[in-house]
Amino acid sequence: MDSRNWENFLLPYEQAVEELKVKFKTMRSELKKREEYAPIEFVTGRVKRISSILEKAERLDVPMDNLEEGIEDIAGIRIMCQFVEDIRRVAEYIRSRKDLTVLYEKDYITNYKESGYRSFHMIIRYPIQTALEHKVVLAEIQIRTLAMNFWATIEHSLNYKYRGGLPGDMRLRLQKSAQAASVLDSEMSSIREEILAAQKTFEDDANI
Amino acid sequence: MDSRNWENFLLPYEQAVEELKVKFKTMRSELKKREEYAPIEFVTGRVKRISSILEKAERLDVPMDNLEEGIEDIAGIRIMCQFVEDIRRVAEYIRSRKDLTVLYEKDYITNYKESGYRSFHMIIRYPIQTALEHKVVLAEIQIRTLAMNFWATIEHSLNYKYRGGLPGDMRLRLQKSAQAASVLDSEMSSIREEILAAQKTFEDDANI
Amino acid sequence: MDSRNWENFLLPYEQAVEELKVKFKTMRSELKKREEYAPIEFVTGRVKRISSILEKAERLDVPMDNLEEGIEDIAGIRIMCQFVEDIRRVAEYIRSRKDLTVLYEKDYITNYKESGYRSFHMIIRYPIQTALEHKVVLAEIQIRTLAMNFWATIEHSLNYKYRGGLPGDMRLRLQKSAQAASVLDSEMSSIREEILAAQKTFEDDANI
Amino acid sequence: MDSRNWENFLLPYEQAVEELKVKFKTMRSELKKREEYAPIEFVTGRVKRISSILEKAERLDVPMDNLEEGIEDIAGIRIMCQFVEDIRRVAEYIRSRKDLTVLYEKDYITNYKESGYRSFHMIIRYPIQTALEHKVVLAEIQIRTLAMNFWATIEHSLNYKYRGGLPGDMRLRLQKSAQAASVLDSEMSSIREEILAAQKTFEDDANI
């Protein structure tokens, strides 16, 4: 590791993660109140581990004095949806916000990776006020269905272990399970309207 | 509704849910510390809504003065696992606990319901100390994989809307999506050993 | 009550309270990391109850279509400090923030109320992004020591009961207890430097 | 430090703290529902730091293989009350519980320490079910008013720094501030009945 004070370096990212989590959680409850249905199931967030930052910097040839611009996912937010359709709606809400700026998007749902990975990514700029300064940091928002998330979590740990050099049979099995996850999402989408109507009935009765 | 004080009636169940959630969450972190792998992904809990208690009492012909014995899931705990294999292990841990008693079990995994429902249920007795008294309440623990849970949540709201009278085509689609969820679980199980090893590597590196 | 949709009216205030709580809590942990001492003990927040909003509107002659500008504390944040000296420091941090604007301040510490009430108030404008719109709301930040807070909480409920018409003997007793709270604060201030040094030692050892 | 696995050693204590916090928090909300007044303001808990355990063991001559019986406050719970009178009521509730056993009590309120320390302590035995075993651990419950707690927190850090050898003038100042805290408690007690009535009015109106 280099000699920087990592604790201070990570402070604004930790703060960004905390604030963004609160913002998307209140967006969830707001939409639930307004429409009796929230396109967001739940929200998580994390700051990248120092060792992972360093590894990624090496892999992408990012100089150590440019980590803030070169590593875009030091602050990471993950938004889980019930249906594939909800993902686009959440993305639209994010694009229209005035408290952050979307830099660019990566659509791994229309174009899923060869590994089977599906997810929608948005790289944003987010302003942070610390006790000492006002600064703007990068953050990555990943939007996925529950099935996509389940699969991706497992693929992540396998990839981490094999550092990209996944054995062929395992790669095949992972692709097959990605397919199963995708079928599950499609089946759910096909009865989405019915499910939505049912969930609204459920909520209405709950409010009686 | 009958004239009982429902708030007081539900108090010990709310307390049971709070305590059991804490107990299974600490079990999760304990196992993660001891073995670098937790068979438990996350834990949720809820107290049944009054309207649902009354509906179930009518459906099962439970007299109103016997709700405490006749409705077994007023307090409900749900434990989510990564793999089907973890479910049996969690059940075994629950059976060996001395702070609760398992009354009986329902294995909807070996024998899944016609609807496609898969889950492992345990009905337990759990002692509760309120400010005023010491009493024993019933509670239901459901243990499932993430895929089972995803499917069951959706089926629940559909069934609620149609009160059991699900249209034929929707029943078919639900069965197909239950199958997709089941395939996903099987694929994951087939590489479980590899995934576990990978996750341990991941955790080890995190602790350096 | 008037016929407005109060739930929707209160939504941005609830969101403001959630965001501001997170911001001052992260300010607390940031300062603790940077200086081993945080001028903030803990932070609470609340949205004013509808009945209290209406009552205050009547008392202050605020027309019903001007609640957003006329009632400044619909969103309320309370910051508790260990020492009187910390209050000014926290206020200074708030003034320098770029994510909010201070409208005006009320210093009930230099000039405490006849009742014995001591506290530092700041009225701010805070921008909120909801799912549907971007708007700016008013909020009140109260900064106090723990002793001031203890006293004020109790005075608040007494005043509420007697609607301002507090019996003479009770007013006297409240003033006496306000004095005791003030003495406690002064005694603590007089050994503040020693206490700070001691708390730093404590933290240092905790990090070994 | 000795060679034991401290993480495993502390596990049951961490679990005890989590469970007891939940139990006293639900006791708080239960009493608030039943009586519109809770004798408990808030509850905190902590597991003693390893360095503090070792230091106390040395000071009290507790052999290293007898820490579990010799150090009674490895698991610590603190219950804060509004009024001195509430302390006895909370203690009575604890004595009547069947899910723990009170070993003995130390009443530093009737007999406050020379330093000015006031608090009510109960040493209890509490049964814990871990994933691997069922065991009984010791825990200390401290019950105090908010003013007692404020003072004690500060005295603790000063004592820690000077390891008991507090300079004479500081000891005097601490005694004076303990007196101020005590006066504050007495003044509050003298209007307790009025305050309770006022708080009930407040709660009642909140439920309309």
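Observations
Each chain carries a letter (A, B, C and D) given by its place in the written order, and its residues are counted from 1.
FYI, a residue touches a chain if its C-beta (ideal position, glycine included) is under 8 Å from a C-beta of that chain, and two chains touch if they have at least 3 such contacts.
Note that the coordinates shown come from a computational prediction; the quantities given were computed from them, not determined experimentally.
Considering the contact criterion stated above, the chains in touch with subunit A and with subunit D alike are B, C.
Counting the residue numbers that touch the partner chain, subunit A and subunit B have more than half of them in common. Put simply, the C-alpha centre of subunit A and that of subunit B have 27 angstrom between them. Between the CA-based centres of subunit B and subunit D the separation comes to 35 Å, rounded to the whole angstrom. Averaged C-alpha coordinates give centres for subunit B and subunit C that are 42 Å from one another.
For subunit C, the set of residues that touch two or more other chains is empty.
Contacts between chains, counted with the stated touch criterion, involve the pairs A-B, A-C, B-D, C-D.
Across the complex, subunit D is touched by residues 7-8, 11, 14-15, 18-19, 22-23, 25-27, 30-31, 33-34, 93, 97-99, 127, 129-132, 134 of subunit B.
Those residues of subunit D lying in contact with subunit C across their complex are 49, 51, 82, 146-147, 150-151, 154, 157-158, 160-162, 170, 173-174, 176-177, 180-181, 183-184, 187-188, 190-191, 194-195, 197-199, 201-202, 205-206, 208.
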